[in-house]
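When the chains are written out, they are named A, B, C, D and E in that same order, and each has its own residue count from 1.
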Amino acid sequence: MGELFNFNVITDNFTYFMIGRFPNGPLGGLGLTIYLAVVSCILSFFCGLVLGLLSLVRNPFISYPVNLFINIVRGLPLLMVIFWMYFLLPALMGRTVPESQTVIMGLTLFTSAYMSQIVRAGIVGIPKGQTEAAISTGLKHWQVMLYIVLPQGLRNMIPSFVNQFVSLIKDTSLAFIVGVSELTQVATQVNNRTMAYPTEIFIFIAILYFFLCYAFTSLSRWLERRLAWRKAI
Amino acid sequence: MIQFTGVHKWFKQLHVLNDINLRVTPGEVLVVCGPSGSGKSTLIRTINQLEPINEGKLIVDGMDLLDKKTDINKLRAEIGFVFQQFNLYPHLSVLSNITLAPLKIRKTPKKEAEEQAMTLLARVGLAEKRDAYPSQLSGGQQQRVAIARALAMKPKIMLFDEPTSALDPEMIGEVLAVMQDLAGTGITMVVVTHEMGFAREVAHRVAFMDHGVVLEEAKPEEFFRNPQHERAQQFLKQLLSPMH
Amino acid sequence: AAPPADTLAAIKKKGVLVAGVKDSLPPFGYIDEKSRTIVGYDIDFINAIAKKLGVRVELKPVTSASRMPQLQEGNIDIIAATMTKNPERAKQVDFSHTYFFTGQKFITKKGTVRSLKDLAGKKIGTAKGSTSEQNVKKSIPTATVLSFDDYPQAFLALEQGKVAAVTTDEAILAGILAKAPNKAQFEIPNLQISDEPYGLGMRKGDKHFVDFVNKTLLQMERSGEAKKIFERWFGPKTPFHLQRNFKITANK
Amino acid sequence: MLTYQFDWSIVTSGKYFEWLVSGCKVTLQISIVGIVLAFIVGLLIAVMRMSNFRPARWFALAYLEFFRNTPLLVQIFFWYFGSYKILPAAVNDWLNSTNFEFAAAVIALTIYTSAFIAEDIRSGVLSIPKEQMEAARSAGFSFLRSMQYIILPQAVRITVPPLVNQFLNLAKNSSLAMTIGVMELTYQARQVESYTFKGFEAFTAATVVYLALSSIITALVHLYDKRVLNPNRAV
Amino acid sequence: MIQFTGVHKWFKQLHVLNDINLRVTPGEVLVVCGPSGSGKSTLIRTINQLEPINEGKLIVDGMDLLDKKTDINKLRAEIGFVFQQFNLYPHLSVLSNITLAPLKIRKTPKKEAEEQAMTLLARVGLAEKRDAYPSQLSGGQQQRVAIARALAMKPKIMLFDEPTSALDPEMIGEVLAVMQDLAGTGITMVVVTHEMGFAREVAHRVAFMDHGVVLEEAKPEEFFRNPQHERAQQFLKQLLSPMH
């Protein structure tokens, strides 16, 4: 096996790992990974919020289909969801959809289902006494939700949201499958081109992912400690 | 002010309120007592319809609670409710806890609402805590803020559901003092409590419940000296001297 | 999706030709390390067609599995991704004249394979959705075919001893071998299992566009430009040293 | 899409149906082997994480953090392609003579999932009020005995639902094994698509199978919740 | 039986036990009282080393708790501890809650352990609940089971940490009755409680704590009639008449 490791392959292609073909071509590599994760995260936060609220609506004609949808998505591998988007999006939107958008939609759809569960748990976790106290002062239902339940619930949910974001960062690696040149794809490309340093390349990107995710995991833990309501006796 | 006529309520099979007939006149302080599970909380919660009733008639402040046309939110704004567990909003400061409902429901101007809130805080002895958060207060202080919050809507009726039973013995006194002070202002009050000292000194009338039935209604002096019902005798004996 | 009925007109209108190409298959299509852009044999043909049309080129990396759906959904206008012409595919897309000709062979560790029998019961690597995958299943039914996302990955598996051979078109194999770090250990035995004429793929029934592309290809052959492109990527100055044993003609 | 001709027969009979069935089998195989291994490894790591022996605790912590914070796909590639340079030649030869694609997928899934399982087990144990430990110690039980008789029996009940959830995740994540040529369900669905161009039918079939799998597992958890986490027993 | 000599304990900065000197003789019933946060729980928890002490000497049943050679598990088996929150094992039936320690630690044969457990259950009035689970019992019943569980190890000393303060008023009596009964058997008991009725009637001695210091130690009749320390006077006043 000769010289065991040769990390020149990393230094030689460093720019490519970081930003792909940018600015000569589209953004790729780590930059695209972060872009995909951030955009999907923002979108799925709002979708998840809406889904979560709808899933708690008393009217079964609304909550039942919403819950069914959430459960179906949660029952599927992300890979399947991405393949579905790949097929259905162009049909639904009546126009061509770039792969990176396909992946963003897939990640958003998938993650919204999980976000909705976080929202749900956050809302259900607010003690009944809070709602009762608010109702007793004469606040209407939507006011109770807006002024009392959501502010407390969202704050309680922040650590889970951050954790979900970490999952998203990891999940963007599946964009590889449909040929979006994010970090994993770029790594395989370099691996394919050089064909001699798979160990070096995969260790390198694993470490890249690790630092990125670990930073957010730590943030979530820190927030969890910071944001915990001190128990009201 | 409050008039129960043949009120019944069931939780599934459980008959929690059984033919309640009870009248509270304006300015009256009624203490409700009775053993655990007897339906006291349920009774008091029907008054602002936190629990709907199944049968009978319930008139509060001239409005029929079973009438579909009654605006329940408006009625609730006229009734202050103080819970056993305080239920202050942990994400709002003491001041905001008190001003939230006046601002959002009564549309009171902010300045006025805050002035009122400060008057109330002074009255419960917590003026200096205006910017504190609930978690920074002791239980007794939280409960006094909860009373101030209920009073901020200038209610005609105040309901208390065991307001001192989650408190350490040392803090009970401060909350009872505020309640006694309040009773002196002539507001209508219904209080569920085990504090027989309070009942004896402040209540105009005591109602004793067991198994969803109001077994006895009497002036406090009569009730304590000479309870009519056997169950009430037992209850008082246990409560006043836990040893024998 | 709504792919345009007349692609030629649509391309002219939007001023850009979107081509699906391979991005890690030297010398057909791969990312140049220095410029970080996609270059190669396929790309030169696309550039020539675009130049004739007077439009810009946009290159979209595709895989063997994704190129057909991409075309059908209108994400790309043309496939220039080492696609073999075969009747089954011809039902789905219209092919141009053959612009490259090769045959499917194997790459193996030196001296391990003399005949197809030596591969019986072995693992053979190839790429998902390729004709190579389907051909080898027919010619060596006892072999286990492992399909990777791309050929270099399959070759890596060969290097690490995970498969006994990698099979695909000779031109591709030659390309892989040329780039391999320890090429002395490998060889391409003279075992051909199929002819592999490559065509550019276009949407079915898009006659204007197909005619235009074919006309352009024939012109390139006449002017010698096609030969020049071949020499640039496969000629003596390259590591491949392939002979150009075909000409672009109208009968294929 | 408007012109798309549905042809459900290809996924309900014939060659392509057989492909899908064999894909199901492989998915189930990976899942079952993976679940058993991931549970064992996860339990081991959880115990190490809670032990008083520092090197064990640190190893467990590093293991947890690293494997939970890197994508499974990268881990799969690493074990399949990247492990080659690290392992001795003899081991590589042996591995290559076996069904190493399958093994690499199982190893990656096991390690990835075990890190999550370990955390679930640990938080199950931590969720038992510390007073339970105090009560047990007060009765004269040693630390380990208290764990054995009082803490773990309670923790296991609480941990089962999140644990099953992880098992479900493992089953779903097994789809990533397709990237190294393991012919599981998603791989076969994709094969059917590229041979027949009938992706809609192929993916519908695979979707139904995945949903059935997760519905069954979820239903089992609900049953467990009702039966074992009976409100009359656990507090 | 229990001897504190110059015992100190800190939680970080906080000095929770400050020079404790206290002696409990065999068969004695000591009640510890004092305001919230004064160190009562910590004190009682040091006796079976749920909290280790930082300084001083603590001898329990002839064994030195600071001595490394003392087998702390063995000592704990001789000391029954009853918690405020009962802490029954929720996954075990009432009977198994009681027999677990005798079976596993004393290796008592199963039949014998169960017979003993039934005797104890009968003594606390819960023989018919043998197969129930803790969550099916009321608070008072749970606490009585907890006492039976502690007694099952035939301890020489029983420690109680506010055994009635998590209970509804009606249930306090039943637990205090069991404890009084127990005191009659001559076992050594240390009880942290606010139940002054119990202290007055059952205790041999009362210790009053504040800020980690034992301020006063006296016979109950003396302590209640004429508390020496100002803090104790205040405390008793508040506790006995919460209204004024």
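Keep this in mind: a contact is a pair of C-beta atoms (placed from the backbone, for glycine too) under 8 Å apart; a residue touches a chain by one contact, two chains touch by 3 or more.
A quick note: this is a predicted structure, and the numbers were derived from the prediction, not measured.
Novice: On the document's contact criterion, could you list the chains that touch chain C and likewise touch chain D?
Specialist: A
Novice: If you check the contacts of chain B and chain E, which chains show up for both?
Specialist: Neighbours common to chain B and chain E are absent.
Novice: Suppose you hop from chain B to any chain it touches, then on again the same way; how many hops at least until you reach chain D?
Specialist: Contact-graph shortest path, chain B to chain D, evaluates to 2.
Novice: For this structure, which two chains have more C-beta pairs in contact than any other pair?
Specialist: Going pair by pair, the biggest contact count turns up for A-D.
Novice: Which chain has its C-alpha centroid farthest away from the centroid of chain B?
Specialist: Between chain B and the rest, the longest centre separation is with C.
Novice: Please compute the C-alpha centroid of chain A, do the same for chain D, then give the distance between them in whole Å.
Specialist: Centres of chain A and chain D (C-alpha means) sit 20 Å apart.
Novice: Roughly how many whole angstrom separate the Cα centroids of chain A and chain B?
Specialist: Spacing between the chain centres: roughly 47 Å.
Novice: In whole angstrom, how far does the Cα centroid of chain B sit from the Cα centroid of chain C?
Specialist: 82
Novice: Among the residues of chain B, which ones contact at least 2 other chains?
Specialist: As it turns out, chain B has no residue touching two or more other chains.
Novice: Taking each residue of chain A in turn, which ones touch at least two of the other chains?
Specialist: 87, 90-91, 177, 188, 191, 198
Novice: If a residue has to touch 2 or more other chains to count, which residues of chain D qualify?
Specialist: 1, 81, 84, 179, 190, 199
Novice: So, with touch as defined above, which chain pairs make the list?
Specialist: Between chains, contact exists in these pairs: A-B, A-C, A-D, B-E, C-D, D-E.
Novice: What part of chain E is in contact with chain D in the complex they form?
Specialist: By the definition above, chain E touches chain D via 48, 50, 73-81, 83, 85, 87-91, 100-101, 104-105, 133-136, 149-150, 153.
Novice: Show me the residue ranges of chain E that touch chain B in the complex, using the header's touch definition.
Specialist: 35-36, 168-170, 172-173, 176-177, 180, 194-195, 197-198, 201, 238-239, 241-244
Novice: In the complex formed with chain B, which residues of chain A make contact?
Specialist: Contact set of chain A toward chain B: 127, 129-130, 132-140, 143, 147-148, 151-152, 155, 229-233.
Novice: Okay, in this complex, where on chain D does chain E touch?
Specialist: 129, 131-132, 134-142, 145, 149-150, 153-154, 157, 231-235
Novice: Which bits of chain C are touching chain A when the two form their complex?
Specialist: Per the stated touch rule, the residues are 1-3, 23-24, 26, 30-31, 33, 35-38, 59, 61-63, 66, 69, 73-75, 149-153, 155-156, 159, 176, 179-182.
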